[in-house]
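For reference, chains read A, B, C and D in written order, and residue numbers begin at 1 within each chain.
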Amino acid sequence: MSTPITRPITLGLIGAGRIGRVHAESIMRRLVGAKIAAVSDPFGDAAQRCATDFGIPAAHQDHRALLDDPAIDAVVICSSTDTHTRLIIEAAEAGKHVFCEKPIALDLAEIDRALATVERCGVKLQIGFNRRFDSNFRHLHETVQSGAIGTPHLVRITSRDPAPPPIAYIKVSGGIFLDMTIHDFDMARYLMGSEVTEVYASGAVLIDPAIGAAGDIDTAVITLRFANGALGIIDNSRQAVYGYDQRAEVFGSAGAVEAQNKTAHNTVHSTATGVQAAKPLHFFLERYMDSYVAEMHAFTEAIQNDTTPPVTGLDGRAPVAIGLAAWRSYREKRPVQINEFND
Amino acid sequence: MSTPITRPITLGLIGAGRIGRVHAESIMRRLVGAKIAAVSDPFGDAAQRCATDFGIPAAHQDHRALLDDPAIDAVVICSSTDTHTRLIIEAAEAGKHVFCEKPIALDLAEIDRALATVERCGVKLQIGFNRRFDSNFRHLHETVQSGAIGTPHLVRITSRDPAPPPIAYIKVSGGIFLDMTIHDFDMARYLMGSEVTEVYASGAVLIDPAIGAAGDIDTAVITLRFANGALGIIDNSRQAVYGYDQRAEVFGSAGAVEAQNKTAHNTVHSTATGVQAAKPLHFFLERYMDSYVAEMHAFTEAIQNDTTPPVTGLDGRAPVAIGLAAWRSYREKRPVQINEFND
Amino acid sequence: MSTPITRPITLGLIGAGRIGRVHAESIMRRLVGAKIAAVSDPFGDAAQRCATDFGIPAAHQDHRALLDDPAIDAVVICSSTDTHTRLIIEAAEAGKHVFCEKPIALDLAEIDRALATVERCGVKLQIGFNRRFDSNFRHLHETVQSGAIGTPHLVRITSRDPAPPPIAYIKVSGGIFLDMTIHDFDMARYLMGSEVTEVYASGAVLIDPAIGAAGDIDTAVITLRFANGALGIIDNSRQAVYGYDQRAEVFGSAGAVEAQNKTAHNTVHSTATGVQAAKPLHFFLERYMDSYVAEMHAFTEAIQNDTTPPVTGLDGRAPVAIGLAAWRSYREKRPVQINEFND
Amino acid sequence: MSTPITRPITLGLIGAGRIGRVHAESIMRRLVGAKIAAVSDPFGDAAQRCATDFGIPAAHQDHRALLDDPAIDAVVICSSTDTHTRLIIEAAEAGKHVFCEKPIALDLAEIDRALATVERCGVKLQIGFNRRFDSNFRHLHETVQSGAIGTPHLVRITSRDPAPPPIAYIKVSGGIFLDMTIHDFDMARYLMGSEVTEVYASGAVLIDPAIGAAGDIDTAVITLRFANGALGIIDNSRQAVYGYDQRAEVFGSAGAVEAQNKTAHNTVHSTATGVQAAKPLHFFLERYMDSYVAEMHAFTEAIQNDTTPPVTGLDGRAPVAIGLAAWRSYREKRPVQINEFND
């Protein structure tokens, strides 16, 4: 967070659900140089509660109130995935910059329409791949970029949630490759600095048969091939009983760089039965709150300095294409070229 | 930070120097449930700059403006050490609760007068031993308290700064045992849950002869004896080139618990020349910012719930007595009983 | 190594090349309860040099001298892979127990013939998958077996050599999946306690084009599926510049257990540029010498106690089948069932 | 162990108790280039059992048989401490090189007489401070010597046994400073490369009152001052329930180097209750067996190459003087100059 923000940026928050409230808290309590002027949510009193809890001056049920407000520079879209592209298009046409949560959508054509509108309207768009702003993963990225591991040969990502989401969520989320691995597909591109060209996905239902009944899997191993010739591996589980397991490694011709988990404290307790350390931070709020502040700082900085945001619309599209390819690979039991989806 | 603050607490900040600005930032940007209504500083435009930078509504040169303001519940004293007891007394007599930076004073009789006034006036007093609120040291304390290491036999503290303070500061600070080890004396009491009864201090000037010329030392080893029969060791250096080294261990009949340093990221970089990890966080701002927020939360919580603050006036007095005993020990080359200062 | 060996076992060593000399050293200098009475090697003075260097009483060019010696209980076959099955058959027919280096052979029918002879002759056969006897991997195995991670869902193995073998070796070794990954295929079975049923292999030539010209690859990622429904991942590189990278993790319903690399010393060196630790032990001699002693102890113990050796002929066959399946998968770009090789 | 031993060295072992058997095992099973030709022990059948167990050709009750044997190059003295100087003198006068366990004796004048005889007879003498040959502490020593931490300012040693020795042992051992801390006094000199000039010792009986009744303490903290101006700290406990705790750190103007404990394996086990790692290796046999082999290799190498052994008679004397000073300091409650014992 090197550059200080000198002109305050005024934001409108669309969607006051779980992730909307995360952004409300991080912006109103932690972010310097930007504030939320109004929040909207169509459901019940969600907007009003969010406004009250985080000191946001105005609350609306209709997001149009935000788009019509000339004081608002940009909107932060935290509504459900199926509304994202419509809201991006409306916001862009209203001349607002857009921060949109991932995934943009589950349909590539729909994404392409939204990105075309953003480009036509000349507004900025940043996608919410917050993990890029985590100090561990940022350090990995920078180490690879610096050449300190030579030519990258392999990226290895372990990404496991502490507990599965509700079955209701799984039914509409697009499944593990689009609701969970999508973060890892983005991380793979971010760490390798190269596009994924091929994916092979295998998976299993080992945790809860209800997940299988909902058409999803809960354990997955995905092999990637990159345009630069390198290989990648991702392993996912929807349930690591010891906490949120978020590790990655990039291996190259001159060495490797690896990120371990983060913990609440760095202490060890030695007794007659062993040496005990802290578990990984429990879940994304504990682990990634700093990254939510940092990504929003980067977004408002890009607005202020009129530069390209660090996670573009194309960065939002690519992991969706990989996720769709992963599902095809899993179902057809064969490696799938990403180009099958780009023609 | 378990209990939510429901009634907002209004604070006045006295002193807008380095540590005053640290508290201004942590309170105005991070703390929930309390805000600074006014800041005072007698020197130049320090108060006004602090007010502008952190959004504090009012700035004064004279701290009396804060004490006279009925809207202010409590003051945060961040002025120079020689003004602390006078300000504590004035604030207490004005009916304000007091948070005061450490050390309260370098003279025990002066401290006793201030504590007597605080008691007479029935206001709350918390001393700024922020390290108690660091997640590492808090976990050590809780582990010891829980009995998970049995009866404590030994506490071992390593506390090294990344670079020496200015010589001008050393001349008025009371020297290493009162400006630096004082934190470790507090930590030793906090971790062991027992009073220090004897101290033996040895030291040397190994980093900068100018420190010796100013009457101070830059490297020290201090042995402690506690009322519960246990022993303690502290080692200090004013210059650890690899960063702020803040570790501690408590060893007991059923095990040990140890806190390592904290780092900005948990990554390792392996190359043909070795395996490299991150250095400790550079200095107290990086390492302890969370603890500044947490100690102030605890203070405002104590006001709201009308409970005793977690770091009392006596907790502020004891490390000064140990520090004075350490200097006597160093100069007279003998172990010194703390009781020599308490009669 | 719990059970003491009470009757000394007399061994004959067939093959005095690199791995033969490793066993000669570990048996003659470290192993208690067994000694090599004679060594044979058809090439030059290799047998004589080995005998002299390690104090072995007799040296021969012809291995028949060992098989004809009634004092010899068992032979240790360390000759080139293409001679293994012939020597196993000869030794079994001579009534000698057999310890044979991996792989038994590169052809499954040939392996089956050798195993049938061993069974018919009633001698014991142990295959040299020494990594099972490494303290790290043994502890992983035991933890999984104990149920302490619940039902295994995933095994993850990283196995990287410090430098590629000579191209001449690669041309006859069967390639990476049969000369290198074969150890990891064994480890996967050992850690999971379940048979591999499917393999998908991807690979690349990223280190040395000469490896590709020899028909091999130098970087590989292999996905496994097990009979118990679990998944596995192996990543290999023929060149990790920081040393021999030998790690594994098993993840299950109740937790995970992970083995880090071993190092020559556990020290950290902190300077202004970072915190430096030791690299992994350089290669298999440094890392696995203890495991060579332990596997031979287990072999001689099985002879003495007339029990089944801990790494059987079928344990030697299975990884060859997986390796052959991996090559087919790599060439045909599809997941391959191991059963394709077992019909 | 760089230089190969080309001429075999013939050793005589005097004393077949616990430490004698440790050396018998390490020499007969691990050491290359030297063998024990005969062992003596005056008590019962100890010599004969040792000979049988480790394949030593001859056993005697009288050590004179070893001294009279012209085939024996050197003796390894592992008898009780009170016999050391007499045996050193006899061996030296018989023209045998001497390896002697620590401490040489508990009386400085007696040590001086033995050292004078050694010098007069022109034989080599090495004292058994085996920890210098442990890979961790050797690496610390080499790092300090290399200048990689700049000028040393502080050495910090933690040395805790898993359980107290028998009270009968404590009564004749010279107490904690001479039976346990003596290793740490040697380590302090070895790591700092400077002589200890002053010691301040504090201690307590916290583990077992019977230790206090025997005139000893079980918990100690010792502060050292070195000729080079640096400081040192040692902490000891006779009972760390989690195992043998053997750590050290040297801190200097350009950084620090620290040795952690060694463990039987490098694995971590993560569950819902925490992340568990291995305890330190249990005691000196597990932790230091390699160092016993290495020290004996160095001794035989010094004989072969006619060089000075790496741990001299003066290295054996200095820790005794420090230990005696520590006891005086503890009893008189004041820092004690080592020179008080050298006049």
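The working rule: contacts are C-beta pairs under 8 Å (C-beta built on N, C-alpha and C of every residue); 3 or more make two chains touch, one makes a residue touch a chain.
Note that the structure is predicted; figures quoted are calculated from it, not measured.
Visitor: Computing the C-alpha centre of each chain, which chain sits at the greatest distance from subunit D?
Guide: Using the mean of the C-alpha atoms as each chain's centre, the farthest one from subunit D is A.
Visitor: Looking only at C-beta pairs that count as contacts, which pair of chains has more of them, A-C or B-C?
Guide: Per the contact counts, A-C leads.
Visitor: Let me have the rounded angstrom distance from the C-alpha centre of subunit C over to the C-alpha centre of subunit D, please.
Guide: 39
Visitor: From the mean C-alpha coordinate of subunit A to that of subunit C, what's the distance rounded to whole Å?
Guide: Result: the chain centres lie 42 Å from each other.
Visitor: Measuring from the mean C-alpha position of subunit B to the mean C-alpha position of subunit C, what distance in angstrom results?
Guide: Distance between chain centres, rounded to whole Å: 57 Å.
Visitor: Residues of subunit B that touch two or more other chains: which are they?
Guide: 240-242, 254-256, 268, 270-272, 278
Visitor: In their complex, what parts of subunit A are in touch with subunit C?
Guide: 150-151, 153-154, 156, 158, 160, 200, 202-204, 206-207, 219-221, 223, 225, 229-233, 235, 237, 239-242, 245, 251, 253-256, 333-335
Visitor: Show which residues of subunit D lie in contact with subunit C when the two form their complex.
Guide: 29-30, 32, 135-136, 138-140, 143, 148-149, 254-262, 264-272, 278
Visitor: Enumerate the contact residues on subunit D facing subunit A in the complex.
Guide: 240-243, 268, 270-272, 274-280
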